[in-house]
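Just below sit the structures, each encoded as structure tokens.
What follows is a pair of complexes built around chain A, which joins chain B in one and chain C in the other.
What follows is the complex of A and B.
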């Protein structure tokens, strides 16, 4: 095991992968909006590797860095009554907030 | 103490001065406290702070307009913008590390430019607060930071765009970009018709701030310098000097 505490968590997802946003408890601080929780989307881009907001908020500079992704959702999946099938929404999420989805 | 004095005293209290400013926020108090401590410690001077504030507040959307105009006229530049936008900004004279070397006032060093097509329209928002590509567009407009825009754009984007006067065809996919981590986003709108043969300088004039946020579309003839429409009063009140004989 490397002694470098700031080594990144291996990125688990690639562009095109289907992912679901995890429903994790809110402890003190997060930037993962409630409206994307438990919703399935598609990885649109891999952006950068960095601390998670939850660690950064407490100055945990030695925490493990995670890959961030831009995830694309269908608006109809976010808001069931949304009337335009083709419309989409993108937002950025770190690896740990995502889990693989098959649908 | 005379009766008249008491009366005058009470009279003063009956007409308290109305507050001229809204209540200061906790963040403003915090900023002032940290700034004053930093000045006392000698990290920078009050003059340094004033100069930086003046510099930061004069940044406008002109750099973003230049980027869009150059991308419209130079396909190779557009490819570089879409591949590495922070690097491509250097070609129009914008270095995201200025002035501190660590990114202020950009917050961060990640920028993605979202290209509109005839069938895809982007619009940006930060639902958490106010993430905005400041090195290119300056400070965000007040409505961009308002809870109304932030909470409604993600859910009713077409209705909110209509409130800006932008009615989008149902055939066009609307893609909202909720910018709330360390990437900053800017829209590269589609080049409008009627601009064939225009120079980069001419094109840049019609690329207004709102077209790069995505709440308006550029069009030939409408520039950032357009005057606002003035609707004359239906029952005007004559000015005092005009009423005099």
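What follows is the complex of A and C.
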């Protein structure tokens, strides 16, 4: 077991950054909803560091902690038929599920 | 011991749990990529699914629900599992039909029992005998 097992992965994003949720396949378990994948949102808050759901679900306490963020999406970006342009949806995602977005 | 009538009801009800989206074959040799993706969605990822309006109800937890919660947490404190993500993965492992069909805490207790058998804390035979014993005790009351 590595000595830095409790050391977290360095957080890559700050409040206001534009991020896109990665398009990874569903295999066995995740908390990342399908409807947010490949959609771009904005970091609304940094919350805490913890295991990813995929690691915690198999009790991988030896895995590295990742920064979690609250990411805000426009409802219209998630559901094109959604009627109210100003409405948003927030969900919480770990660092590894996100990639930088330029738009 | 079920009567033959009851047995026939169990089987016919169980047959209705087969996927709503099914081919004539219940064991196809291949499925389309889109179907595979749909099958792989974890059952708890329900956002965006069509549903009818549900009446909001204030309901207190029942004793068996509280006991289930405490059992799962105690198993966590004893280091047998973590009652958050590991337990939730167990809920999803029920598969779509059982996940959507079971009460909320029914999923929890099913997952706890399955985990105890999987991790060799109890054998399935011991669990079967115990459930039969408790059932017999309840029937005597």
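Before moving on, here are some points about what is shown:
FYI, the second predicted complex is superposed on the first by the 101 of 103 C-alpha atoms of A that agree within 3 Å, B and C clash if a C-alpha of one lies under 4 Å from a C-alpha of the other, contacts with A are read in each partner's own complex, and residues count from 1 in each chain.
Basically, a residue touches a chain if its C-beta (ideal position, glycine included) is under 8 Å from a C-beta of that chain, and two chains touch if they have at least 3 such contacts.
Note that the coordinates shown come from a computational prediction; the quantities given were computed from them, not determined experimentally.
When the two structures are aligned on the shared chain, A:70 is found in touch with chain B, with no touch to chain C.
Contacts of A:92 after superposition on the shared chain: chain B is touched, whereas chain C is not.
Residue contacts after overlaying the shared chain place A:45 against chain B, while chain C stays out of touching range.
Looking at the shared chain after the overlay, A:25 reaches chain C, while chain B stays out of its contact range. By the document's definition of touching, both partners, chain B and chain C, reach A:79. Residue by residue along chain A, chain B and chain C are tallied for touches, and B comes out ahead.
Within the superposed three-chain model, A:33 lies in touch with chain B and with chain C [touch as defined at top]. By the touch criterion stated above, A:53 is placed in contact with chain B and with chain C alike. In the three-chain superposition model, chain A touches both chain B and chain C at residues 33, 35, 53, 78-79. Here chain A touches chain C in the complex through residues 25-30, 33-35, 51, 53, 56-59, 78-79, going by the rule given at the top. Across the interface of their complex, chain A is touched by residues 110, 112, 127-128, 154-155, 157-158, 170, 173-183 of chain B.
Across the interface of their complex, chain A is touched by residues 37, 40-42, 45, 47-48, 81-82, 84-86, 88-89, 92 of chain C.
Chain A meets chain B in the complex at residues 31, 33, 35, 45, 47-48, 50, 53, 68, 70, 72, 75, 78-79, 82, 84, 86-94.
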